[in-house]
Structures are given as C-alpha cells and as structure tokens.
Amino acid sequence: MFQSIFILGLLAQPPANVAAFDTPNDEGSSITVTWEPSPADSGNLFLFRGYEIYRSDTPTGEFKCVGFAAAGATRFDDSNTDIQDGQEYFYVVRALTSSGHEDSPVAGPVASSAQWFNTQRVNVLAITLLISALVIYYIRRARAGDRLFVRKIAGLDAIEDAVGRSTEMGKPILYSFGLSYLNEVWTLASLSILHRVAEKCAEYSTRLLVPHYDPLVMSAAQETVKQAYAEAGRPDLYDERDSPFLTADQFGYAAGVDGMMMRERPGAVFWQGYFYAESLILAETGHSVGAIQIAGTTSVEQIPFFVVACDYTLIGEEMYAASCYLRPDPQMLGSLKGEDLTKAMILVFLAGAAVLGTAGVLSSHFFDYNGLNVLFENVVQWFNTF
Amino acid sequence: MKRDIPLIITFLTGFLCVIAFFIPHPPFGDLQQRFLVWYAIVAGFTMILGLDSLVKYNVKKITQHKPGWQYSYVLLFGLALVLVTGFQSWFKYNTPFELRSSFMYSYIHIIVPLQATMFALLAFFISSSAYRAFRARTFEATLLLIAAAIVMLGRVPIGEMISDKIPLRSDWLLNVPQLAAKRGIQVGVYLGGVVMSLRIILGIERTYLT
Amino acid sequence: MGIFDRLANLDRRLIFLVIGLAVAVPIILKIKMPIRISSEVRSAYETIENLPEGSVVLASMDYDATSAPELTPMFRSFLRQCFRNKLKVVYTGHLAIGMPLAQFDLDAVTEECGAVYGVDYINLGYRPGFTAVMIGIGREIRDFFAVDYKGVPVDSFPMMKDIHNYSDIALIVDFAHGQTAEYWIQYVVSRFGVKMFACVTGVMAPTLYTYLQSGQITGIIGGLQGAAEYEVLVGQPESAAFGMPAQSIAHLFILAFIVFGNIGFFITRRKK
Amino acid sequence: MNLLGTWIAAGLTIAILSFLYRDNPFYKFAEHLFVGVSAGYWVIYIWAFDVQPMLVDEFLRQVGIEKWLLVIPAVFGLMMMARWFPAAAWVSRWPISFTVGIAAGLALTAQVQGYIIPQIQATLLPVVSIGATTAETVGQSINNIVILVGVICALLYFYFSREHKGALKVGSKIGIVFLMIGFGASFGYTVMARISLLIGRLTFLLQVFGLR
C-alpha cells in the first residue's frame, strides 16, 4: 500500500492528448475540452481529486480556472458566458493529485461558433417531415373531394343513448376533463366530444354539469357548451355556473366531483381527458350511483381502471379518432388518414427490420458473414437520439 | 381579425419552438427561452379565473339556498383561512413556507391528511372493482384476470413464499407482453399527439378558440 | 337468493371492511417477511453507487401527500445514499402542493447525515409550467431559479458555482406519482442526454418498463415493494419494509374475493 | 398545539373514510373544507413561486428593455380576464393561443424524439437471438417475437381508416389479447400501490390511537 502511493506519487502525470474544439450542435459561446485520464486517476479519491480546466487568450498568457471536472471525467464543456464567438482561446488541463498538481501542454487555438443545424437531430427531422408530409397530402386529397372512411368506434355511438336514458330518468349528465390542461392535445379532443354531448343535452333539455380542475379548460369548455346550445337553438338553457372551477388539487377535485355525483345523481357520466389515480375513485363512485359511464383517456396507466369500471372506454388514440369521427370534416379525416399511413409504414418497417436482423444473426452464426449484421446495427444506430 | 390574430399567434409560437429544436443558432434559442418564461408567467394568472369561478359558484349556492348550501360556508371558510394564514405567514417570516408558520400548520394538519385519505380510499375501491369486474365472462376478460392475479402475487413477498416461479412469471408479464401492449398504445397515442400538434400549428384544429 | 348468488353479489361495504382489517391487523401485530431485490431496483441503486464523488444529482419531487407512503421511503433512502457517497443534491419539483412535505424528510435526513445547506444540497422550490422549466434548465438553470425556495440568490451558495445546465448534472432522479417521469425522459433525457432513473408509484411503474428496456432510464424503483428493496440495499429498512406484510395479506384477500366472485358467477350461470 | 393538529388530522381522516359507508354530513364537511383549503393553498403557491419571483421580483431587478419586456406576459395574463366582459371576450383568445402554440410546438418534436424514435428503435429486434445457452436462446427469441407481435398487433387495433376485415381483423384481435394482458398486469401492479396508501393512513391512525 505505502509502496503503491509512493510509486503513484513519482509517476503522477498530467492528462494526455488534451484537445479543445468548438462544441458541436450548439448556439455558440461554448468550447469542449477532452483529454485522456491522468495515470494517477485510479478511482481512489484520496489520491486523486479531479481536473481543473484553465483558459487564456494567448498561449503564454495568464490562464484562469474556468471549471472543475470530477475524477474519471474526460470531457468538459466550457460554456461560461465570457466566451466570445470567433475569439481564439487556449486551454490547459490540470490534474490534482495527492502530492500537488500536474499541468498538461497547452491546447488550442480554438474558437467557438454557433451552428445552423443540429446534426444529431436528423432522424427527428426526417420523421417529423414524413408525418407532416403524409398528413398534409391527405388533407389536400380530402379537400379535393376524396371520400375517407373512419371505422366505427363503440363508445361514441353510446353517447346519444346515454344522454337519452338520462333524460328519461330525469337525471343530469356529468362531464369531466379530469386533470387536463388546455395546452394538452387530449384536452382539445375532449372539447370536440363535449361539443357533441352538449348538443345532445340541448336537444333533450338535459342539465349538463362540468366541474373543472383547470381555469383555462373551464373557460374553453364554457364557451364550447354555450356555442353548442346556441347551435341547437337553446341558448336559454346555458348556465355558466353549471361548469364551475373546483380546485387545482387532484384529490380535492376528486372529493368535489364525488360529492357532486352523490348529490346530483347523474344518469350518465363522461370521463374524457387526462386522469391520474383519481380515475378509479371517480369511476367507482359513478358506478355506485348507477350512472352509465363512458370514459376516454390517453393515460395508459388509467385505461385498465376505466375498462374495468365503465361501460365504454375510448382507449388511447381512439379518443383522437373520436374527435375526427364526431366532426367529419375533410381536414380532420385527412389528417387521420395521414396518421394511419404513418402507422402502416412503421409496421412495415418493424417487420422488415426483424427480417433483416434475423438474417443478420443467422448469417453470422452459421456462415460467419457479418455484413447483414452491420447493416442492421446501422439501421438501429440511426434511431439514436443522443 | 378576431379569429386570425389568435391563429397567427399559435402558428408563430408553435413554429418557433419547432425551429429552435433543430437550429441552435441565435436568435431562436433565446427567443424560445424568453417565450417559455412568459408562458410560466401567463399560466400564473389563471388563478384569478379559478378563484372567481369558485367564489361565484358558492356564493350563488348560499344566496339561492340550493341543497347543501350550508356546506358552501365551510368551503369559503377553508379558502379564507388558508389565504389569511398564507399572507400572514408570508408577512411574518418573509416566506409562507417556514415550517413554524400557521400556513404550514394548516397544510400539515388539514391538507395532508385529507389528500392522503382520499387517495387511500382507492385501496377499497380497487378491491371492490376487482371483485366485481374480474369475472371470467369472456376469453379476453379471463386473460385480464389471470394477468392481474399473477402480478398481484408476484409483487409481494408472499408470492415468492408460495412458489419462486411466481415473481419470475410476474416480471416476465410486465417486461414482455405488458410492455408490448403499452408500447403499441403509446406509439399510437404519441403519433396522434404529433398529428394533433401539427393541426394546431397549422390552424386546422381550433376547438380551443370557440 | 342462494348462497352462490350472494357470493357473486357481495355488498361492497363488506369487502371494504375485510380489506381494512387485512391491512390493520398485520400492522398492529408487526408481522415480518423477507424481501427479494429485483434487478430494476438494483440497477437504480448502482447508478448512484457508480457516480464519482462530488457529482451533482438533480432530484425532482413530483408527488404529494397522496403517494407519500410509497415515495417518502424512496426519497429518504436516496438522500442517505447520496450523502453517504458525498454527492451534491439539487432539489426542485413540479407539484406545488407536495414540496413542503418532502421538506420534512429533507430536513430529517440531512440532519442525520450531517449535510450542509448550500454546500451539499439546495432546495430550489417550484416553478409552474413543467415542460418549459425542464427544457429551460437545459440552457441556464438561473433563468428559472435565480433564487432558492426562500428567495436567497442561488449564486450565494458555493455548490451552485459550477451548475448551469444539464452538462453539470450527472443524474436526474424523479420521484413521481404522475406523468412527470415520462416528461423528464422525453423532454430532457433524450434531448440533453442526461442519465436518469425513476422512483415512482406502483401505478406508474409498468409504463416505465418500456423506457427501461429502450435504455432511456437506468432503473425503476416502483411502489412500496421497490421502496422496501431500496431501503434494504441502502441498509436502513424503515416504513416500506415494515409495510410489506400488510401488503401481502391484503393481496391474498383481494384474490380470495376474486375467486369467490368467480365461483358464485359460474355456479349461478350454470343454474340458469 | 401539535396534539390538536394531530386530532384534527385524525378526525378528517375518519370523516373521509366514512364515505365508504355512504355519503354523510361528516364527509360533506370534509369534502367542502378540502376543496376550499386546497384552492387557497394553490393560490398562495402560484403567487409565491410564479408571479412573485418571475414577474414582480424580476421587474424590480431588471433594467432597461428587459424590464419593460416583462410587461408583455403581464398584459397577456390580464387579457385572460377579458372574458368577464362579453364585448371584449375575444381578447382572451390571444394568451390562450400563445400557450397552446408553445405547447404544440414543444410537444411535436418532443414526442417524436422522446417517444416514437427510441421506442421504434427498441422494437428493432431480430426474431432469433443467440445466447450463451440453448435455454437463453429460446427464451430471448420468444421474448423478441412476443414484443414484435404485440407491438404490431396493438398498433393494428388502432388503425381507423379501414374496416377491420380479413388480416386486419385477425391482427387487431391479437392486439386486443395483448391489450387485455397488459391491462391486467397494470391493474395487478396498481393493487399494490393502492394498498400501500392504506397502509400509510392506517399506520397513522393506529399511532394516534396508540395501537402501534
């Protein structure tokens, strides 16, 4: 033990191969410094403390410390605000050993700059463009008059039934967005469904209760209901206070909605939006008051509880499709078709990749041929996000 | 004009966030960062809307003597209590979150037990819904039942006491078929989300502007 | 109504009563059971063990009192592991209502471990609009957290000197009872390439297996069982480990109810 | 003081639990208190962690153009109140468009990069995977096949723009089988979470009554 400390003390060497370069894919004002670890960097933190990084404007000038990297690190991003794009800098990496410190040779000059494209995100760009292109193409075709089909979605046909039965029993309808915010996509899908439910309610003169968790969703929902009532020719039925804000606390909200169900005894309940753990509290209470329940959510964790406790459940994407189904205007149908085609392409791609991968595994195992394996690996690597 | 300006705002902000994702060069990153900060500020103002609605709803209940109107007093009392203690603690300790403050006292002895108990109701509800719904009525329902039973046993020590295969089966169910199903649903959901975002940015989806 | 009809249609209040007792009795009797360590908890534990001394860990508290029984033991074990390995903890959160709750555990464990505020850990408090905050920290943490939870400028604390964005953060640990774990993965792990593991409730855990298999996170500590395993790994079994027997027995009773329900269901159906 | 607090907490705990028997005045009291108190708490929180540090403090701290730029989000925030005045209600759409636009823009790329791409990558699996032993080879190959078939069939179930007939019908039926197994497994896992919460609550109550 003493001997090894002695040897390390003697051999304490600076980090080798220090390189400084402009940090790639960034907005400038950042330089990356890399090095190979000092031989003293053995993982023993009593013997080796880490690296200090020094920067200067001139190779011989005054170097000032710009950062510290822990033992074991081989990279440091110097993104201190005083770095000017275009200005040349020099770097030294200092290893802090038990006996003192050792400086590397000077690296540089190097200047930082901003990039115009983040090359690590080519795959994201490609897939985003692919989806966008398909969607826009089908929207155009739909506008041009192509008839596009949407398959039947079970829960949606039940809407009319549920509102009708509730009316017969003289009971109100309850609609909840769960814990959705207005800037989330499912909330917008839910607004479409609410519009339809509100139309039906206006038609049957049934009271519609919509308790809220988020004030912005409340505003949008109030407007939606008001508009649907107006379109159905019953603006007189609308009462803003039937869709009150309760609280922005998850279980405060659940307690409030439960109480509302126990006292108002709705005949039909719609759970459409994003739900967390309160899903089952709500759905079980809904069941105990004997309401028909139609749920729809994209929160995969909660779908099982709705499936178990409700009469109908729109599973995940079905909720988005529902908003297209209910408002079958060409643009919505077109985008749904584009989405489906993307899905089809993903499926074909997955199947193709599986064939390629299998061929790769078999050919390298039985024939020692690695070409297909390498190709498959490259395909997989293309999907790296970092 | 009433309709176009909001659509233009949505398009510009949405498109900027997409651009800033791909182009690191200034000014996009700075602009996006500024917008994100603004967004956080704007979100804060929604509390006024919420408060307004909650108070109006309960005041109406009280003045019109709707069923259960007495309880609206409890609600408004709770609201006032927290607001008063909150600002009082703020004034006294310079932050409402000083653990000795009256505000934190109400947090710990009122909000925490209420939240926790409300959540704990789930233990009962999940048992009754499992009992009611897990009937082997159809082939699919039977699958649901069996998978649930294996995982329920596999995740607790007693499962391993019965047979050391149970935790392994349960882990396999979670890691393989469960994972495949979730991934299938989620890829669909996220694709739907991407397309919906696209529709919003392009101004096709405008339900939020009704 | 025959016995089997009754078996198929038990009053739910009877079920409530039995489940209540199934949980309460083992707690009162203090029954003990052994705990098996699963691979996803072990790999989470090892992620922290493998961090070099002085690394910064960002802990995000995204739960409230409702899931405290599951997440508090994880948080306490996490803090103990970090301070034992001389790591620095930056603590923030996206759930306004839960933050002070974790503060109690933070205070208790830091006192126990002798960790110093501003040197070993810092509490940045909460900012609304979580995706904006998550992405924003990728550039400069001070754009959102110029001050800590008590309004003290963060630059006055020594440990914040070198912390600006994710390149200064070695690991993110999210304590979540909701969607935030997925947001962290999608908005931060993928975009900025930071390591992360998740401490989540039993409900959230199954979804996260997809991210574990795809390598986006390094581990999952899920539910009370996960918490108990983590407590055992860190070497201080507390509330989670002691709760497991009640858990086991309650599960058995629920299964028994399902079995009774099915027996009743089949026999009455055959009669018809 | 703490003793009082503990008994308040215990009383509220019991009041909420009484809902299991049926709706009653104790539950109604606790419910309304809960809604009011949590809304108040939320207001204080938003003020303390959002409006105060990000708007008020920043406005006082900043100088020059930076100071006055902060007026924009403040005005946007106030514009949301325009819906109280029907004639000017349309103004409230501006801040809403702003938040929706930002969220849509962020979500678009985040969902592609954060979910779709890595999850497709993780599903790029060979049907045969050769391990160290035969058992491992068989095991891994089965897992790969199950994941591939599961993902593909589950996605087929969500194919909307074509009638589910023929191969699509078979695929989506298999998809449903996977969905059901997945839901069952999730449900089973969640039972654990829910019981844990009850353990936490009952431990508290039993402590108050000195039974633990």
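The letters A, B, C and D name the chains in turn, as written, and every chain counts its residues from 1.
Everything that follows uses one rule, which is that a residue touches a chain if its C-beta (ideal position, glycine included) is under 8 Å from a C-beta of that chain, and two chains touch if they have at least 3 such contacts.
Please read all numbers here as calculations on a predicted model, not as lab measurements.
Asker: Taking each chain's centre as the average of its Cα atoms, which chain lies closest to the overall Cα centroid?
Answerer: D
Asker: Please give the pair of chains with the highest number of C-beta contact pairs.
Answerer: The chain pair with the largest number of C-beta contacts is B-D.
Asker: Please tell me the distance, in whole Å, between the geometric centres of subunit A and subunit B computed from their C-alpha atoms.
Answerer: Subunit A and subunit B have C-alpha centres separated by 14 Å.
Asker: Using Cα averages as centroids, what's the distance between subunit A and subunit C in whole Å?
Answerer: Spacing between the chain centres: roughly 20 Å.
Asker: Would you mind listing the residues of subunit B that make contact with two or more other chains?
Answerer: 18, 21-22, 29, 36-37, 39-40, 43-44, 46-47, 49-50, 54, 68, 95, 97, 107-108, 111-116, 118-119, 121-128, 130, 134, 144-145, 149, 152, 155-156, 174-175, 178-179, 182-183, 185-188, 191, 193-194, 196-198, 200, 208
Asker: Send over the residues of subunit A in touch with two or more other chains.
Answerer: Residues 121, 124, 128, 131, 182, 185, 216, 219-220, 246-252, 255, 263, 277, 300-301, 303-305, 307-308, 315-317, 321, 336, 343, 346, 385.
Asker: For subunit C, what residues touch not just one other chain but two or more?
Answerer: 12, 16, 19-20, 23, 64, 66-69, 97, 127-128, 132, 135, 144, 151, 189-191, 201-203, 206-207, 210, 213, 223, 225, 247, 250-251, 254 - these are the residues of subunit C that touch more than one other chain.
Asker: Based on which chains are in contact, what kind of graph results: line, ring, star, complete or other?
Answerer: The chain contacts form a complete graph, every chain touching every other.
Asker: Over in the complex, which subunit C residues touch subunit D? Could you list them?
Answerer: Those residues of subunit C that touch subunit D are 13, 16, 19-20, 23-24, 27-28, 30, 66-70, 96-97, 125-128, 131-132, 135, 144, 146-147, 151, 185-187, 189-191, 201-203, 205-207, 210-211, 213-216, 222-225, 239, 243, 246-247, 250-251, 254.
Asker: Would you pull the subunit C residues touching subunit A in the complex into a rising list?
Answerer: Within the complex, subunit C contacts subunit A at residues 12, 52-55, 64, 66-67, 97, 162, 164-165, 167, 177-179, 189-193, 201, 203-204, 206-207.
Asker: So in the complex, the part of subunit A that touches subunit C is made up of which residues?
Answerer: 45, 50, 67-68, 70-73, 77, 79, 249-251, 274, 276-277, 288, 299-301, 385-386
Asker: Inside the complex, what are the residues of subunit A that reach subunit B?
Answerer: For subunit A paired with subunit B, touching residues are 25-28, 114-118, 121, 124-125, 128, 131-132, 135-136, 139, 182, 185-189, 191-192, 195, 212, 214-216, 218-220, 223-224, 227, 241, 244-252, 254-255, 263, 277, 280-281, 283-284, 287, 298, 300, 303-305, 307-309, 315-317, 320-321, 323, 331-332, 335-336, 338-339, 342-343, 346.
Asker: Which residues of subunit D touch subunit A in the complex?
Answerer: 16, 19, 23, 27-28, 30-32, 34-39, 41-42, 80, 83, 92, 96, 99-100, 102-104, 107-109, 112-114, 116-118, 120-121, 123-130, 148, 151-152, 155-156, 158-164, 179, 183-184, 186-187, 190
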